[in-house]
C-alpha cells in the first residue's frame, strides 16, 4: 500500500510543480486539484495498515470532506478567474501592473 | 477618601479635560473655548498652589495605578516636580491668554487649543511622574501633542519641520525605551528614588551596562533638551506660531528633556553613583560644548526666532551642565535655571510674536528703531535678553551664580570659562538686537503693520510678556524670598538630591 | 526718624529713579530729572551712618552709607545735578526726549546704587545697570565716532562684567557673606591672585585705564554733551571706587602682582603725559589724557597698596577724597570746555570707512558663515542624493517584491517547509 | 494465490503509473481542453484507485464530484473563458509564470524532488501496522444509529466537521454569487441527442440519488454522493438550456439551499439545550435524525452544486449592483 | 442565576449563532443588516460569558457528540483562545457597526451572510482542539475571506482576491498533508492526545515542515507575504480590517497552538526558533520599508500588517528561555494590533469614501475634513508604533524586557527599528492632516457610525495599555504557555 502513498507523494509534487511553473490560472486550479488528490491518496493508502481486511474508515470520511471542500474551492476559484479574465482579458495573475 | 491621593491626577486632568472638550467644539464657539481654557488654567494654578503649600509643609501627594505586574503608573508631587509644574501652570495661563489674542481669526483654533492643552497635560505628567515608565509615557505623549502644534500653520515648511521634529523625537523615544526596559530588566524597579537613586547596589555587577543605559537615557532626553548633536529639530520648529514656540522653548518640550536629565542623574542613578561611574564628566563636557555651540550658531541667524532657538539650545544645556557638575550648589543652579530660563525665554518669544503680529517683523535686520514704536514690548525683550546674558539682578544671573560657585565647590574651574564665554556670546548676539531696536531710526514703513489704535499692540498680546518679564526680574531680585525659585531649589536639593 | 527709616530712604534713593525711568511715569511729571535726584539729596543730608539689608533680596544685599561714602555720594549728586541742569535748558529736543530721559534715570539709579551698595553683589548689579544705561546715553543721537566709542565701551563693559562675575564667584566661594567689610580681607587671606587680577582687569576695562583707554578717548569726542559730562563722574569714578573696595587688601601681601600693577599705573601716566604733549587735537581730548593720567596715578596707588599692605592702611582713606576732587574738577572743566568749544567734526571719509579692525571682523564673520553653512549645505545635499539614489535602486528589492512573483514565492514556501523540517530534525 | 497477488500488484502498478503519467501530462500539455479531459479521466482512475484501496464511498464521491462535477465546472469555465478571450482578442498559450523564472529554474525542481524524497521517506518510516481509529469506530458503531461505518464517522462521530463543511459549500456559493455575473451567456440550444438523453437521464439520476441516500445508512453511499448525483441531473438540465431565472431569489429556493447546513446547526443547538452536548444524538433516534439530516443535506448539496455550476447570481441581487 | 451563566453553553453560542445568523441574513435580505448587527452583538456578549465561565472554572473542554477525544472532536477553551475570541469580538463589533453604514443595499445582502460565516469560522477555529477540524475551519474562513476580499469587484480587488485564494488553498493543502502524516503516524487528530503520543521522528519533522510552511503562507510571514498587500490593499476597507486584524492572526494562532502543544518540545527548538526569529525580523524591516515606500494608503497599511506579523514571530527565539513572558508579549501585540489595524483600515476607508481616493500625497484635501478619522488613524498609529500608553507599547515593553534579559540585542534593535519605521510611515500620513489644502472636488458624506466605530476601536487599542494586568491574567488561564517552559 506504500506504493499508493508514494504515488500520492508524487502527485503532490507534480501538482506543486505545475502550480509554480505555469501562469494560466486554470492550470493552477487543476494543479491544486491534483495536489489534493495526492494528499487524499496518502490519507487513504495509509489507512489500510490496520492489519485486517477492513481499513480505517476515519480517513475515508476525512477525504470525502476534503473532496467537497475541494470542489467548493474550485468553483469559487473558477468564477474568480472568469471575472478576472473579463476585467483584464487574461486568465493570469499579472505581476507588474499593480499600481 | 484622601484628597492627597487624588490631587496629582486632578492636576493632570484639569488641563486634559478642557482640551478634550475643546476638540469637539465648533470653530466659532470662541467664547466657550476661551472660558474653558482659562477655567482649566486657573483651576490648575489653584490646585498647584494647594500642593505647593502642602509639600512645603511636608505632605505627600501620590497616585498609583497598576500597569503591569510590578510596574505602576505613579504620579507623585515632590518639591522638584512642583517646581516644574508651578512654572508650567503659570506660563500656561499666560500663554493661553497670549495665544487667544495671537490666533484671533486664524483657522483651526479648536484643534490648536485642544493640542495646546494636551501638551500642557503631558508636561505636567512628565513633571509629576514618579517613576521612569510614567515619565516615558508622558514624554511620548508630549511628542504627539506637540507635533500638531509645530505643523499648525499647515505650510510645506511647517510640515517639513514637523517631520524633522518627529524624526528626532521618535528616535530619542526609542533610545529611551531601550534604556528603560534594560534598566527594568536589571533592577525590576523604575521608581525614582530621591537622595541617591536606586542603582548603587548593582553598580559593581553591571558596570558597563549601566554606563550604556546612562548614555541611552541621556541621549533620549537629550533630543528634547536639544543637546548637541541632537538639536537639529529645534531651529526648524520655529515655523510654529509664536505661542507654541514660547511654550516649546520655555516649558514643554525642551524642559521636559532637561527635566528628564535631572531625573536620571539624581533620582535614577543618584549623583554620587553617577560620578563613580564616570558618566557625569562627559555629560558636563557635552553640555558645555552645546552651550558654546548654540551661542555660536545663534550669532549668524538673521531670523529672530531662529536666533532665539539657538539661544535656547545653548541655555537649556545650563541645566544639564548644572546637573552634571554633580555638586549640591551647581544642582541648585541647574534646576533654578529650569525656571529662570523658562521665564526669560518665554518673554523673548512673546515679544518676537508681538513684533511679527503687530508689525510683520521676522528678521533682525528689520528691527531698526522698533523700540520707539513698541517700547513696552521691547522693554520686556530687553529684560529677557539681559537675563540671558546673565546681567544682574535678573534671574539668569542667579542661575549662573550658582552654577559657577557650584563648579568651584567641586573643583571644576573650567566651567567658569564656559560660563564666561557663553555670556560673552550671548551678549554678542543679543546686544546688537537691542541696539537696533532702541538706537537705530525706524523705517518709514513696517513690513506688515496692524492697526491697534493708540496702543502699541493688543493688550492681551502685551500683557503676557510684561508679566513674564517682571517675573523674571523678580525671580532675580527677590531670589531670597520664600517660594522664590532659588529658595525652592534649595528645598529640592535638600530634600531630594542629597542625603541630609 | 530712626535708623530704619533712614535705611528705607537709602533704597528709595535708588528705586525712585528706577521707577521714574518707566517712560509712562516720567513723561507725566515736570522736571523728572531733578525729581529723581531728590531722595539722594535727602540721603546726603541725613546724619550718621546707617544701613538696611533686605532679607528677600538676592543674597540679602544691603545698602549703607558712612562717612567716606558720603563724600562720594555728595559728589555724585552734584554731578548729576550739573548734568540735569545742562540738559534742562538745552534746546535740543532729542536729548530731552523720553528715551533719553529713561537712560538718564537708569544710569542715575545705577550710579546711586553703586555708591550706596555695601556688598559685592549689590555693587555689581548696580554698576552693570549703570554701565548699560551709560551706554544708552552714549549712543543716543550720535555720530559714527561715538558709535564706535559706544561699541568699544560695550565690549569692555561685557568683558569687565564677566571678569567681575568670575571674581564674584570666587569671592562667594570663599566667603559666607559678600560684604565689603569682610571680602577684601578674606580674599587676601585666601591669597587668590586669580581674584585679584579678575577684579583689577575688570575695573580697569570699566575705567578706561591704559591700555584699555580706547573707548574713553573716543567717547570724549561725542557730540552729546551729557555723556561727556558724566564720563569721569560715572563710569570712571565708579570703576575706581570699585577697584578700591573689591581688591583684596589685607594682611597678606601680593607683592609681585602689586608691583606689576604699580608699574602699569606708571606706564599709563607716562603714556598720558606723552600723548598730552604730542597729540593734542582738542581741549576735550586734553581732558581725556588728564583722565588717563589720573587713573594711572590711582592704579599706581593701588599697586603700591597691594604690594605693601601696611602702607595701605595708612593712606587708603585719602583715595576717596582723591576721587571726589578729581571728578568734580574734571566735570567742571568739561562743562566749561564743552560750552566754549564746538565739537570737532568728523570727516565724511572717516564716517564711511569703518575701522580696519571692524571690517576684518565682518569679513571673518562672513567667511566663517559661508564656509560653515556652505559646507553643511553641500554635505547635506550630497547625503540626500545618496539616500535618494539608494531609494531608487530597485534591484535588491526585486527578489522579494516584483518580478519573482508566484513561482518564486511558492518555491520559497517549499524551501521554507523543507528547511523547517530539516531544522526540526 | 501468488498469481492473483502478482496480477493485483501489476494492476496496482499500472494504475499508479498511469495516474502519475496522466497527472504529468494533464498539467503540462499545451491544450487546456485536453488537460481538462485528461483531468476527468484522471478522476475516474482515482475512483478506481479508491476501489482498490477499499474505499468505495470515496470512489463514489470522487466519481460524482471529483471527476464529474469538477470536470463539468472546468469545461464550462473554459468555454466561458474562450468567449471572453475571443471578445477581448487575447490568446493564451502555455506560459511559464513570470519572466524571472530562469534563476529559479533549477532550484524549483530540485526542491520539489527533495520534498518528494523526504515525504516518501516519511511514508516508509511509518509503522507497517497501525490501527488508527478503526477499533474506536468498531466499538462505537452500535451507538451511532447507522450500520455503515463511513456514514457513522461522517455524520455522527465527526459530524461537527460535516456541519462546518456544509457551510464551506454554502460560503463558496455565496462567494460565487457575490462576484456577480461572469459573462453574457452564449445560449446554445442543445442538439436533439442531448435533449433526448436528458429527458431519459434526469429521472434516472433522481432515482439513483434517492437510492444512494437511502443506502448510505448501511452501505457505501450517502448525502454527498447522492447530492452530487442529483446535482448532475441539475447540470444536465442547465446544459439543456433550462434557467431557473427568478427562482433563485425566491425564499423557498433559498430555504432549500440552506436547509442542510441550517438543519444541522439547529439540531446541534437543540441537542445542546436538551442534552448539554453538541450534536449528541440520542442512540434510539440517531438513525432517524441522521437520515433527516442527510436528506436535507442531499437536497442542499445538489442545489448548491448545480448553482455553482450555473455560477450566475440570482436576479434580485443583480439589480442593486 | 450565576450558576445558569456559568453553565450556559457559551461555546455553542459562539459557533452556532453566527452561522445561523448568517443563514437568516441570507434568507431575509431585508433584515440582513439588523440580524447581522444583533448576531455580532450577542456573539460578543457570549465571549464575555465564556470569559466569566473559564475565569471561574478554569479551562473548558467539551466533547462534541459525547464521543470524546480520539474518535470525536473536542472543543477547548483556555486563556489563549479566550484572548483571540475577545479580539475577534471587539473587531467584529467595530467592523459590523462600520459596515452597517458602509455597504449599500446591494452589497449589504452579500456581505452580511459571508461575514457572519467568517465570524463563525473564526470562533470555531479558536475553540477547536482537533487538527482536522482546524483544517475545515481554515477552509471555511479562507473561502469566506476570499469572497469578501473580492466583494468590491474591479481589477485590483479581483487580482488580490485570486492571489489570496491560491495562497490560502495552497496553504490549506500543505497543512492538510501535515495533518494526514500526523494522523497516520500517531493515530489521532486531537491536539492533546497528539501531544501525549507524539515522539520525535521523521513524521513529526515532516509534518512540522508542512504545517508550519502552510500556516506561514497563510499568516503572510515574510517572504511568503506576497499575497497579502494586494488582497488587503484592494478589498473594501471593512473587509481589509477583518483580514488584517483577524484572519492572519487565526493561522498564527494555530501555528502557535501546535508549536506549544506538539512540536515545540519535539523538534530542535533552537534552530527552528532562530529561523522563525530571522524571518520575523526580516518581515519587520521589509514590511516597514515597503510600507514607507507606498503611495497608496491602504497598501501602506497592508504592508504595515506584514511588518507587525514579524513581531509575533520574534517571540519564538525568545520563548526558548522565557516562554510565558515571550508568548504573553506576542499575544498582547497580536491583540492590540488587531484593534489598531482594524481601526486604521476603517479610518482609511473613511478617507477613501470621503475623497474617493487613497493617494497619500493628496490626502491633505481629505484628512482635514475628517477630524475623527484622522484621530482614529493617529491613535491606532500610536499603538502600531508602540508609543505609550497604548496596547502596542505594553506588548513591545514585555517583549523588549524579555529580549534584554536574555541579551538578545539583535532582536531589541530590530524591534526599535521597526518602531521607528512605523513612526515614519504613520506620520507620513498624519503630516497631511495639518497642511492647508483646498477641499476635494467631489466629496461624499461619511456616516457618523463609520467615523465613530473607527475611533472607538482606536481608543480601545490605546486603552488596552491600561488593561495589561487583567488581560495577562486571563491569557494565562489554563496555562497555555506552560508546556514550553523548558529550561535550556
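Every chain is named by a letter (A, B, C, D and E) in the order it is written, and numbering of its residues begins at 1.
Assume a residue touches a chain if its C-beta (ideal position, glycine included) is under 8 Å from a C-beta of that chain, and two chains touch if they have at least 3 such contacts.
Quantities reported herein were computed from a predicted structural model and do not represent experimental measurements.
Listed by label, the chains that touch chain B and also chain D are C, E. Number of steps on the shortest path from chain A to chain C, with steps defined by chain touch: 1. Taking each chain's centre as the mean of its CA atoms, C is the chain most distant from chain D.
Farthest from chain E in terms of Cα centroid separation is C.
Centre-to-centre spacing of chain A and chain D amounts to 12 Å, using the average Cα coordinate of each chain. Spacing of chain D relative to chain E, judged by their CA centroids, is 31 angstrom. Look at where the CA atoms of chain C average out and do the same for chain E: the two points lie 70 Å apart.
Separating the CA-averaged centres of chain C and chain D is a span of 99 Å.
Touching two or more other chains at once are residues 12, 16, 19-21, 23, 42, 46-47, 49, 58-59, 62, 65, 69, 72-73, 76, 80-81, 83, 93, 95 of chain A. Shared interface positions of chain C, defined as residues touching 2 or more other chains, are 403, 405-407, 410-411, 414, 417-418, 421. In chain D, the positions touching at least two other chains are 96-98, 101, 108, 112, 115, 118-119, 126, 130-133, 137, 157-158, 161, 165, 168, 171-172, 175, 179-180. Working note: touching chain pairs come out as A-C, A-D, A-E, B-C, B-E, C-D, C-E, D-E. Taken in their complex, chain E has these residues touching chain D: 9, 12, 16, 19-20, 22-23, 26-27, 29, 62-67, 70-73, 75, 104-107, 109-111, 113-114, 117, 120-121, 124, 132-133, 136-137, 139-140, 143-144, 146-147, 150-151, 153, 158, 177, 181, 183-185, 187-188, 201-203, 205-206, 209. The touching residues of chain D, counted against chain C in their complex, run 96-101, 104, 107-108, 111-112, 114-115, 118.
Looking at the complex, you find that chain E touches chain C at residues 163, 166, 170, 174, 202, 204-206, 208-210, 212-214, 216-217, 222-224, 226, 263, 266-268, 271-272, 275, 279, 286, 290, 293.
For chain D in complex with chain A, the touching residues are 12-13, 16, 19-20, 23-24, 26-28, 32, 35-36, 39, 42-43, 46, 49-50, 52-55, 57-58, 61-62, 65-66, 69-70, 73-74, 77-78, 80-81, 84-85, 88-90, 92, 94-98, 101, 108-109, 112-113, 115-116, 119-120, 123-124, 126-134, 137, 149-150, 153-154, 157-158, 161-162, 165, 168-169, 171-173, 175-176, 179-180, 182-183, 222, 224, 301, 305, 308-309, 311.
Listed in rising order, the residues of chain E touching chain A in the complex are 71, 132, 136, 139, 143, 146-147, 150, 153-156, 158-159, 161-163, 165-166, 169-170, 173, 176-177, 180-181, 183-184, 230, 296.
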